[in-house]
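Before anything else, here's the structure in question.
The letters A, B, C and D name the chains in turn, as written, and every chain counts its residues from 1.
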Amino acid sequence: MLAKKLKKTDIKVGELATGQALTVPIYKLIPDEISGPSVYIQANVHGAEVQGNAVIFQLLKQLEQSHLNSVVTLVPLANPMGINQKSGEFTLGRFDPITGVNWNREYLEHEFDIEVWYLKHQHETDDVLIAKFRDKLLSNCVERLENPWGTSTGKRLATELQKMGHQADIVLDLHTGPKSCKHLYCPEYSLKDAGFFSIPYTLVIPNDFAGAMDEAMFCPWWKLSDVAKQFGRSLKVAVNAFTMELASQERIDLEDAKVDADGIMAYLSHRKVFDNNRQPLDMPRYGCLLKNYKKFHAPHAGMVEYLAELGKPLSADKPLVSLLRMDRYGTDEELQYLSLPTRSVPILHFASAAVHQGTELYKVMTDVFEIR
Amino acid sequence: MLAKKLKKTDIKVGELATGQALTVPIYKLIPDEISGPSVYIQANVHGAEVQGNAVIFQLLKQLEQSHLNSVVTLVPLANPMGINQKSGEFTLGRFDPITGVNWNREYLEHEFDIEVWYLKHQHETDDVLIAKFRDKLLSNCVERLENPWGTSTGKRLATELQKMGHQADIVLDLHTGPKSCKHLYCPEYSLKDAGFFSIPYTLVIPNDFAGAMDEAMFCPWWKLSDVAKQFGRSLKVAVNAFTMELASQERIDLEDAKVDADGIMAYLSHRKVFDNNRQPLDMPRYGCLLKNYKKFHAPHAGMVEYLAELGKPLSADKPLVSLLRMDRYGTDEELQYLSLPTRSVPILHFASAAVHQGTELYKVMTDVFEIR
Amino acid sequence: MLAKKLKKTDIKVGELATGQALTVPIYKLIPDEISGPSVYIQANVHGAEVQGNAVIFQLLKQLEQSHLNSVVTLVPLANPMGINQKSGEFTLGRFDPITGVNWNREYLEHEFDIEVWYLKHQHETDDVLIAKFRDKLLSNCVERLENPWGTSTGKRLATELQKMGHQADIVLDLHTGPKSCKHLYCPEYSLKDAGFFSIPYTLVIPNDFAGAMDEAMFCPWWKLSDVAKQFGRSLKVAVNAFTMELASQERIDLEDAKVDADGIMAYLSHRKVFDNNRQPLDMPRYGCLLKNYKKFHAPHAGMVEYLAELGKPLSADKPLVSLLRMDRYGTDEELQYLSLPTRSVPILHFASAAVHQGTELYKVMTDVFEIR
Amino acid sequence: MLAKKLKKTDIKVGELATGQALTVPIYKLIPDEISGPSVYIQANVHGAEVQGNAVIFQLLKQLEQSHLNSVVTLVPLANPMGINQKSGEFTLGRFDPITGVNWNREYLEHEFDIEVWYLKHQHETDDVLIAKFRDKLLSNCVERLENPWGTSTGKRLATELQKMGHQADIVLDLHTGPKSCKHLYCPEYSLKDAGFFSIPYTLVIPNDFAGAMDEAMFCPWWKLSDVAKQFGRSLKVAVNAFTMELASQERIDLEDAKVDADGIMAYLSHRKVFDNNRQPLDMPRYGCLLKNYKKFHAPHAGMVEYLAELGKPLSADKPLVSLLRMDRYGTDEELQYLSLPTRSVPILHFASAAVHQGTELYKVMTDVFEIR
């Protein structure tokens, strides 16, 4: 039985060749009285990154027991085509199998001139300004969906999700890495919020739209705030949006999902989404600017043993990987140990042990600082 | 036996997991005396687009018999990983199967400030200026390849090809569409050149870098020319680059390849690459601005009969496709005929007859004009 | 509006990771009085082989206008997972993407001892014997579906279809080749029936189960008939089953579908499925024993031009394909013409123009005879 | 520098569409005097199963230091096409991406009548009989490779490997499971040999050819021995062949590879392949008849948490997996725990956490016994 305040619906986000509708389940918790910021949480936009579904499960278990002040919308299994696309034993869910386009790069970039828009609406109160700006974002989404020349499969999905996200004040997009430790993408203006989640590493990101959900959510609001400031008005960025990378893909762990649900509850508690006071986990947290987040590509092909532990600092003289070349046994190249040019914290590594030259082997944080 | 002036080498563009080198064959024709512009022609960067190899075959047969004035470099089979990647019976060669990145969007965008560079070198003669600018482009490529953090598989391949391309004055990149009639991508400044090729439809493209080879070749030169003009100097765009779409993928047709080789020979003759006078085919040719090249996405899923003939004008009341829905037999939706909102010339359509909602069904030219 | 006698249902044949049911539409025509043999026709078990759906469309249009004597069950879009699985622009629908198992090799082989069964039931009249045997086949299917250890995805789909097929007297499985002319798989005992379909080439197949639908349908009945004969009883093979290969995959052609629907109607008319008299197309028809149906594998890799026309006799001195090797330009291997060791009729060829060594290039009939 | 007695060659096993040769490295150790049985070890026939390469690395390190009595042939990276085939981040190396055929089901089944052959050669001494039988097996392989209609890509690779295998007395084929504990496929007649390897679980297999390398190696010899016995002659099975499953795919672990190399060295020592005495690891070992090795298929789709630990006995009341259905939150189906109908030892499980209905979730041993 659904709790009284929990409402389940489905939205249609596409249609498969056989005619079957692609649908996504939407769980909505609506309090009797609304006083807090609205929340939107989605999971599994990349098909193999399933753990967010377990986190939503654990969140629902807790939210159903809470005295809510806000509308909370939870969207697990957000990309049915990506989740159901297998190639061999694995989920080929990172990109549209037809076009290669990353499912998380299809959100609409709002390209209207925000300065012009602001000047036209600057006489409004903050609340009205924000409401009208939100309407503008929503109507841009609708326009894209109703293009008479049609919309691509990926853009349709992304825009349907985006429409729901734009209606919220707090947006969480739950992802995972390939083989990964937990980390958070956090916009610079929101860095203090990183201290609430149960996540040790945070990437601090600038106001650049690169196609992802979190950026689609905060970029226009951040720009609006900047424009207002330029004209002498102090307008808080009205929306907070984060991408959470919940360890490795192709993994469901209900107990660990509870840990991350607890972190999210701590943040939502801080934001007065519900009444109970929930404290964040006491743990060290570290940050890194996005520009210092480095990819290391395989300088040669081979069989890889991933030696560097994820989430542990690695000095420049310690090996990151060993590279086995059984086509070169008996030569200097039969087994090589590779290191990075600098001290780092390895955050994620490639999922396969056999790599072509140029494969992205590791992503590492450099110039890491403590967040307090 | 290779003709005396034809030299074959191989370049290594990558390495597969087993250690096997990925190599690309390079055929170079070097005349005793060089008086004409150098030429670079590559084919098959997208793995399924094989017909360019047959065109290079036919070109070599003719060039070997010509009195050359220029160095001509011909690179068939330019993307071994893309060509060899099968998925079912088809070549999955459009994007890196690991990352989804389109192989033809990985060329280096030269991001240095061309105005600053020009001001520093404006005292040079045209020839020296051009030589130094070429060196700058080449050294940017080398820098990318020597990045201590490595380079991705696709960027390595693209940059190795780009290095060869930057050394030429005329660059042709031979592609095909999925199911397609022949068409040409031609930069606006070079439109009169479209009249030489055996190709009826031309897309006129602006000076925007979107990652493709032709753009990588001409964009910096076009910008340099614009900057010079801004400072009162008339500097011709030093490089001409085109992408030729030679009908459909997964098709080798040696006779038709001869037709396209003849068109290329006509252009090279006009540019004095060799001595014989070769006339272009007498045929009507049409153009369309890139902004008027429209994609039509499937508004619904279904089984598609592609009704509109490629390369033939289609009025807005004529059906483009029929869409069969055997899950809806007995309803109004069992068979629908779809039309476009405007008159057009269909240039290419999707390769499969079963489509999801949002699949790009057709690309069509609108506002077509005759090129004279 | 559905015609009065046409009933649509859906059956569930599986479930995708997101929980979505995999369903298949079933169209059933039920006459007021049943005097003729029941008919089961399915299409699109291989995902790219879509033309059978168009044939079912054209059949329904005709059957709805006919005075039926039989129950006719039509199942288009029979393999939703296969149809919806794309890899690049093409439908990767020939095998389960997880296991590689061909979707058309998963039908249940009935392994019980038919001789023992016959001896136990030989006292029954033909009608009762047939009904009990049919029940036995159905209960074997049910048993497989209810295995407490579960059943594989492919076996579940196949067995659900097989259950429907076993209830019919006439079974047609509509397929296509890759690039193919039309041909029919026909069991030896049923060869005269080949003269009704609009199909020029027929493969005459023996009583060996290799996993396909047609074999799953007729093999046990054929064996039963053989066993009865062994014990001196003449028992007609009670079921007729055919696989029709309706030209090429990834193609919908409604007009051509009408031609094949007409052929099927001619056969059904002959079998008294409906009252109108429908004559088969007057055309030459040829046969070939399955053991004389030969695969030709690429002796070398390369780019292929498919020279031999499908459905036209080819003498041993005529080229089947040319093989272009642009890595070998300037040598004897740059362009080779390949022929077969014997006279043949090419029936189908590979779908891609770039092949590895060993790729199945063509399937050809040898020792072809006329069917009268 | 290669050790004096180590010889490296390459064999060509195919050719890719671009013309590139598919080659496999062969390492051969040849002693000055040969008194022991010859050994053939291959690894990585399934592309994602890379750990065998590390085991061959560790074996070579030890064999180079040993006083050998036998020819030892080691073949890492045995399937270049399978190893290099990526789909997303993972190696799609279990089956031919074109045909779906499992790379380990393409070995030649010797279909000649062994009884007839034996009667013709029974007058020979054991040694001559064995040598002639070996020649027969080899000539069958050659015949397959030289078929004038060509051979498929997979059969060519398999037969080239099989030719090398048939020349040895001891054959090891190194594989891994998806997520797996170590286990061994061992023919029944050879069960005592299982006690030498560092592997806790052994599947005891009968004399049935199902297409795998180990079966291709021992089946004909086992049959020959049976036929001889039938005619009153005691002839030992001349060849021992095993498939070793070295834990999980997509994993290189050099230290663990040493453990398995040690086990192999213990067996080779027992067989007098070299002089040093190497003892097997003292550990409990368990067996299970192949018919008692059970697959459990997902009864429903969903997100899976794999709860049962691999290699640990599991009672029937303990959960194997939990199945999360976020499309059913708030119902009884939101989270289900699944158990097996019987006590078992889980040996391997599926690699992905999102499964369709029917996916093979676990393979488990039942009726396990201790091997002494």
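Criterion: a residue touches a chain if its C-beta (ideal position, glycine included) is under 8 Å from a C-beta of that chain, and two chains touch if they have at least 3 such contacts.
On a predicted model such as this, the values are computed, not experimentally measured, just so you know.
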Item to complete: Could you find the chain whose CA centre sits the greatest distance from that of subunit A?
Response: C
Response to the item:
Chain centres from averaged Cα atoms put subunit B and subunit C apart, in whole Å, by 42
Discussion item. As a quick test, compute the distance in whole Å between the mean CA positions of subunit B and subunit D.
Written reply: 47
Item to complete: Between subunit C and subunit D, tell me the centre distance in angstrom, where each centre is the average of that chain's C-alpha atoms.
Response: 36
Fill in: Multi-partner residues of subunit D (each touching 2 or more other chains)
16-20, 77, 83-84, 86-89, 91, 94, 98, 303, 326-327, 354, 356
Worksheet item: What pattern do the touching chains form: line, ring, star, complete or other?
Response: complete
Practice prompt. Over in the complex, which subunit B residues touch subunit C? Could you list them?
Written response: 1-3, 6, 8, 25, 27, 47-48, 50, 53-54, 56-57, 60, 76-77, 83-84, 86-94, 178, 250-254, 303-305, 322, 324, 326-327, 329-330, 334-335, 350-354, 356
Worksheet item: Residues of subunit D touching subunit C in their complex?
Response: 14-20, 22, 81, 94-96, 98-102, 148-156, 294-303, 325-328, 341, 354-360
Worksheet, complete the sentence: subunit A residues touching subunit C in their complex are 16-20, 23, 77, 80, 83-89, 91, 97-98
